[in-house]
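Structures for review follow.
One chain, subunit A, appears in both complexes that follow, with subunit B as partner in the first and subunit C in the second.
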Partner chain A sequence: MIALSIFLIPLLTSFLLFNSKTGNAAKTALTSLILMLLVAIGGRVATAYGLTGTLSFPLISSIGFSFSLLWDGPAFLMVLLTIIAGLGIVYFSQDKEIHSSNRFYGWIMMMLSAMIGAFLAGDALLFYLCYEWALIPIFFLILKWGHGEHLSKVTMRFFLYTLFGSLFMMLSLLYVHQSMATPSFDMSAMWAAGKALTAGEQGWVFAGLFIAFAVKMPVFPFHSWQPSTYDHAPIQGTMLLAAIMLKMATFGLVRWAIPMTAVGIAENGHWAILLSVISVVYASFMALTQKRLKMMIAYSSVAHVGMISAGILSNTDQGTVGGLFEMFSHGILAVAMFVVYAIIEKRYGHDRMQEMGGIRTAAPAFAFLTFILVMCNVALPFTSGFVGEFLLLQSLAHYSLVYTAIAGLSVILGAAYMLRGFQAMFLGGNTHAFEALSRNEKNILAIAVLLVIVLGVYPHSLLQLIQNVY
Partner chain B sequence: MVILLISALLGVSLLALEIFKLRRWMMPLMVMAFLAIIGGTFALWGMNENVMMQGMIVMDAYALRTTAVLTILALFWLLTQHQNIEKTGNSSDLYALLAFSFCGALLMTNFTNLVMLFLAIEILSIPVYVLAASNRSSLLSNESGFKYFILGSAASAILLFGIALLYGATGSFDLYNIHDALMSGTIAPLSWVGLAMILTGFGFKISVAPFHFWAPDVYQGAPTPITGWMATVVKGAAIFGMYRLFKGAFDGAMPHLEGILVIIIAITLVIANGMASIQSNVKRMLAYSGVSHAAFMLATMIIPGFDPQSIVLYVISYGISSLIVFSIMNQVGQTAGEELNNFRGLSQENPFSAAAMTIGLLSMAGIPPLAGFFGKYYVISGLISTHPGLTIIMVLTSVVGMYYYLKVIFAMYQKTSIPVVVEENNKVVLSLGIIALVAMMVAVQWM
Partner chain C sequence: MEKLVALIPLFPLLGFLYITFFGKNQSKGTAGAIATALVALSFVLAILVFTTQLHGAHATFVKVLDWIHVGSFQVDLSFVVDPLSSLYILFITGVGSLIHLYSIGYMHDDEGFHRFMSYLNLFVFFMLLLVLGDNLLLLFVGWEGVGVCSFMLIGFWYKDHANNDAAKKAFVMNRVGDLGLILGMSLIFVQCGSLNYNDLMIGGSAIGHLGKWATLGAVLLFIGAMGKSAQFPLHTWLPDAMAGPTPVSALIHAATMVTAGIYLVARFSDLFTISEGASQLVTWAGVITAVMGASIALTQNDIKKVLAYSTVSQLGFMFAALGMGAYTIAVFHVVTHAFFKALLFLGSGSVIHAMGGEQDIRRMGGLKSHMPTTYWTFLVGTIAIAGIFPFAGFFSKDQILAHAMENNTVVFALLMLAAAGTAFYMFRMFYLTFHGEFRGTHEQEHHLHESPKTMTIPLVVLAIASTVGGFMGFPHAIGHAMHIEHALDHFLSGSIELTHSHMSVATEIALALISMAIAGMMILFAYNIYIKKATPVLEDAEINSPLHRLLWKKYGMDELYDNLFRKPIDALSAGLYHWVEQKMLLGMVDGSGDAAKGIGRILQPLHNGQIVTYLLAIIVGLIALIFAL
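Up next, the complex of A and B:
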């Protein structure tokens, strides 16, 4: 019931928003998100006292498709991330001018609902449905509220690319589903059926799943949709994509790919780990060459996700736990970094880093908060970035020391591009008037910094949620 | 039997209403007849097979299901298109012709004899030849009717020739006897030629490559409501008849025909989706997309076993989505035109129409959780273990399909200074269709 209500609240809110004409759309969305947060935390506490949060009722019994939602540690973690990131996005944009804001927030809430569905799904087909359905809201968000010259071309490429990927996931899931005596999409049945396949078959099934996830994450060489989409999307859409949507893919690796095809990955999945490691290094170098802040954040996000993917695929406990932790941390960080971008872009009218300078003199508090976020991005100890990155590298070291060394480069490269960018924008002479931060902007950055530090100093608070994933 | 009688009498009574100057009763009469047929199928649901007319037709579970599906599509077509038909001024002729063609469509689902099949196809097709040319002032409509008539009759002739050859080889028109003859031992060369000709004839009727060339021209030229009828009820009836014939009677020969069918399906998917993506006329694009959907319907024939759930689901989901799309396209076509540019900015003045068309197109593209996804799902899941290569082609061409559907959606949501303004269609009916598309997810299990 808890899981169901968390899935339904944003969906109903979105219908409400679509049908409302008056303003206050942001307030409605914010209220609903706070309600979700209360239900989620209350539900988590209640589960500890023996209340069942899961739910399952059959929808199409002939193919074993049921509407089943789980309420375990990893699912709770991702839902928490979705709600916190959603709160950040809505809170950040509530004082902005947005045309037809009721529909804008309606699409955002529908998107959150679809993603929560994917995180909670205990049924492979339900996961696939939500994974695909999340495309529709973001498609309209980019198309209607995006900007730029080639908007429709970019949106089209984004949509077709991700759809192309996820159709391969459907083939893989169907292949596993077909191999059962009594077909069922239930999670444990799918896991068992996947394990029963030969290593060769598992390799193919994994390949289909990984193509879908690699497009969404994105992992080199499937990343070409990402920079232009991030660039053309409205800032809220970029946040949704970077903070939550790509986590569906990394979460899909943890929840579906690894348990079903562990043997296949170990024997025929080297290419995926290699691609992830290449992705880390490639994206780091790309970030190093970027002149625009938004593009730099986008590529740094690719590097982080490549790291998550490589760590998870090396299939150790540290990798899984570290991957989930890093997903959470990166989600918070992505929202915060894009808020930083939005703040600067609003004041300068562009985001070319070399043409800025001296923001620290004008806004020291802003510079301080941004500096901590940057430190988290380069995985400094006592920030949440360190915990995740460390666990992931440790896991990768079990797989291959060479890969670890190569992926470890990303920490150094990350420091290089992040600090270079910080230096260019914040230090040096002041050449541009810099309006003080609004209350909203300050609050959101402060909360993000607080979360990042608390999780870095006391990671156990989250780690205990996800100790026994399988 | 009663069901068939209702459908046959419907056309005659529509003509009678015209004589007695009771035109305004035609639409209610048709609705009542369709509802009666749907009610009849539900009343007979789960009954034993009922062979009638000296073993010429049979009312079995398959016939009842498919009859219900075709009638629901016809009813939905009528509710979305009746204003446009009544605008033409000769609604009684059009309605009567449609009713006759509907009678043929029902006959296509329950024949057990090849002679009956040929009759059904002719009853189904001949009124549609006339309907395609029913806009007498339009040259395109005349061309459409003429082309459809020539090619359709040629296809019928080939089909009839095939039936004759098969009769020569097996000595019977009866499906059960043919089934036994094909199952026992070797199949005579004469039967093979007959089977190939029947396959060719059906290939024309359901428009799969390489027999699809008539479809774009005919679809584009015919009045849009009639195109909607051809794309849904007529195509659905043809594919239902083909399913009964090939899965019911020819299953002894199916293992050998499978290779040919796989090739036909693969070629159709590639050609139809490729051609659709370069069209600038939306109606023509929908015609090619209809050809690609025909390939999916044909693919249900190579799923092992006689399990009509996949074909029934595909026809109804494709039918309802395309009826929604055709009804909006008709409104746009009347005020602006059928080119892609004419759809620019539809969402600004007609948000409901744009949203309905978007949902219809997304369903045709197979985006979950809409009905079209489940239609594709059943086909692909039936084929993935036996024909993995074909499913990959299906998936890749689906992405191409998404591309051309998206082009229309983009145009509708584009910001322009002179948006197209159209007369809204009946919102209640369209909403019902949209709800059906969403609710299909749950309704699948009863099909």
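Up next, the complex of A and C:
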């Protein structure tokens, strides 16, 4: 029931928003998200005292499709991330002018619902449906509220690319499904059927899954839709994509790919790990040459995600747990970094870093908070970025020390581009009028920084939670 | 008593938090006093902890917090108290509190005073974590933490991009080393199953499980040490780091942070002992750095640059010692060096303060009469680093040389050369600064004054430490009769491999006399050139002799790295972005997109403009497909 209500609250909110003409849409969305947070945390506590959080009822029994939601540690973690990131996004937008705001927040809430569905899904088909369903809200968010001269082209490219990628996942899931005596999309049945396949078959099944996930994450060379989409999307859309949506893919690796095809990955999945590692370095190089802040953050995100993918695919405890932890950390960081971008862009009217300078003198508190976020981005110890990234590298080292060294280049390159950007924007002697941060802007950055540090200094509870499967 | 150790890093952390969040309402005096008092409090505790170890050396572990537990990966926020860490915390907090005190005077007129004191406190916190952590990961926390503080303090005057560039260079170059350390940690965990010193070395011997990977593991750790401790070829950031305020140079870039690499190698002496190859590498990196640093220092005219290259060179001595298995002697030199190099840097700060920001020794001269305390304390520091008996530097450096003589003649000869150079460049700087005629402007001459008490007291204390600090490590020859020979060695052997020496007393004394004679000759040589003949130092444009130019240009390493790494990497990124990212990948996608659009046009009648219909059709189609299967 807990899982179901967390899935339904945002969905109902979105219907409510679509059908109401007046009222404060942002407040409605915010209230709904706070309710979700309370239910989620209360539900987690209640589960500890024996309440059943999960739910399953058959929908189409002939193919073994059931509406089944899980409520284990990883699922809870991702739901928590969705809610927190959602709160951040809505809270940040609250004091901004947005046209047709009812529809805007309606799509956001629907998107959250779809993604929560994917995170909670205990049924492969349900996972797939939610995974695809999430595309509709984001498509409209980008198309109607985005900007830039190639908006429709970019939106179409994003939509078709990701839709096309997912088809491979469908094929893989169907292949596993049809291999069963009594076909079922239920998670444990799918896991068992996947494990029963030969290593060769598993390799192919994994390939299909990975291509779908690689497009969504994205991983080199399937990433080319991402920078322009991030760029054209409204900032809230970019946050949704970077903070939560791509996590459906990395979470898919943990929830579906690894349990079903671990042997296939170990024997025939070498290429996927290699691509992930290449992705880390390639994206770091891309970030290094960007002149614009938003693009730099976008590529830096690709680098982080490549690390998550490589670490998870190395298939050790540290990889899985570190991957999930890093998903959470990266989600918070992504929202915060794009908030930083939005703050600066609003005041300068552009985001070309080399044409700025001296923000620190005008806004020391903003500079201080941003610096900590930058440090989290370069995985400095005692920030959440370090815990995840170190565990992932550790996992990769079990697979190959050479790959670890290559992926580890991002340790150097990340510092280079992040500090270069920070220096250009915040340091130096220039002075440019810089309007003080609004209350919302200040609060959201402060909370993000607090989370990032608390999770970095004391990650223990969250790590235990992640390992608390079932 | 050891339980108190958890408080030692806590105090400076509290200082940082307090000044950052509540400091604005405090006067400079109060903020400075709080920052200094908290570090001094840690120093008092460090003395207590150290004394306990002195009365019975044993490793004690104090756990503070569960940290990262994932499967077999178990690492806590937990401290180790043993001879090595208790010695380190002693001089970090001791020298640290003096430099805090000094900063109150030195930074008094700076608008960023509060910020400065809070950063210094944060630095001390991370430095203490680095040496107190009972595992490699916590060491790494401190390691990166001091790196960030170093970044913030080098670029403290952030309005000038030259400072920011220096700060960024330091951070990024350190990260090259850090990658080595990360890989070393990874290798150690994969092979040995733990990152805790207790499992690896102190209580167990899991480090031995590295087996054939021992050399690689040691080399990777050493790469980390090279970055942090500015060893060739990762040394070029340290001289640039002098862009920071002088107390920073004294605390971070001379006395404490840059010796973290020595701590790391000493801590893993068990590993380096079993790896001959890695130890050879450490030795040679150290020797090359020692000679190179000293040779560059001969030609520099910026008072802080001379001291910076001197630090690079002295760190080289320490690594040479580590590589030859003289771990305890290297740590001994760390401690004496912390005293006299902090003294020299603070002295130079006092000079710069009096000169109104001037750092070029060609514009100084005759300062002796204007600032007597600075003069006398600086003289002590100069004698100490030159290695004259009985000042601190003599004992530690002489034992490194003695050890080199036993082990490797070439190493010995090169280190002797570097030591001779040290005596020369130090006295060259000393004479040019304090003796002769004043060569600055009239305005500067008018302004000359001795520094305030907050600055001179630390100088005097450090001068005393530089005078008697060497007595903790008497060599065999002198100490034997008094039964205090190698006191420090024996104490440290509770943590790290003891240095073995078979040198006879006669050889030891002969070596000491020879090295002092050479130093004496060098001092006379410098005296002859700069005082007796009063030879003017060449202006930058007049430096024509190729060798002089090469040294003055620091062997052109900065330009080399720029052409070898920075420019090609930037070009590679730009090239990849243009050709692969834009032309190839995006071109491919858009090509197929156009094809799709063509198909779309054919299917125009179905196209009612509603993407939702599309999607629903796709999903319904898929479900139908499933049924069909």
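Going forward, the second predicted complex is superposed on the first by the 465 of 470 C-alpha atoms of A that agree within 3 Å, B and C clash if a C-alpha of one lies under 4 Å from a C-alpha of the other, contacts with A are read in each partner's own complex, and residues count from 1 in each chain.
Operating definition for what follows: a residue touches a chain if its C-beta (ideal position, glycine included) is under 8 Å from a C-beta of that chain, and two chains touch if they have at least 3 such contacts.
What you see is a predicted model, and the numbers here were worked out from it, not measured in a lab.
Look at A:163: by the touch rule set out above, it reaches both subunit B and subunit C. Look at A:171: by the touch rule set out above, it reaches subunit B but stays clear of subunit C. In the superposed pair of complexes, A:348 makes contact with neither subunit B nor subunit C.
When the shared chain is aligned, subunit B comes close enough to touch A:144, but subunit C does not. Touch criterion met: A:61 reaches subunit B, while subunit C stays clear of it.
Once chain A of one complex is fitted onto chain A of the other, the partner contacts of A:286 are limited to subunit C, with no touch recorded for subunit B. With both complexes superposed, C is the one of subunit B and subunit C in contact with more subunit A residues. In the three-chain superposition model, subunit A touches both subunit B and subunit C at residues 62-63, 129, 132, 135-136, 156, 159-160, 163, 170, 174, 177-178. In the complex of the two chains, the subunit C residues touching subunit A come out as 65-73, 137, 140-141, 144-145, 148, 151, 155, 158-161, 164-165, 168, 171-172, 175-176, 178-179, 182-183, 186-187, 189-190, 569-570, 572-574, 576-577, 581, 585-586, 588-590, 593, 596, 611-612, 615, 618-619, 622, 625-627, 629. Of all the residues in subunit A, the ones that touch subunit B in their complex are 59-63, 128-129, 132-133, 135-136, 140, 143-144, 152, 155-156, 159-160, 163-164, 167-168, 170-171, 174-175, 177-179. Of all residues in subunit A, those touching subunit C in their complex are 62-63, 125, 129, 132, 135-136, 139, 153, 156-157, 159-161, 163, 170, 174, 177-178, 221, 223-225, 228, 282, 285-286, 288-290, 316-318, 321-322, 358, 360-361, 375, 380-382, 386-387, 390-391, 393-394, 397-398, 401, 404-405, 408-409, 411-412, 415-416, 419-420, 423, 426-429, 458-460, 463-464, 467. Interface residues of subunit B, counted against subunit A in their complex, comprise 309, 362, 367-369, 373, 377, 380-381, 384-385, 388, 391-392, 395-396, 398-399, 402-403, 406-407, 410, 413-414, 441-442, 444-445.
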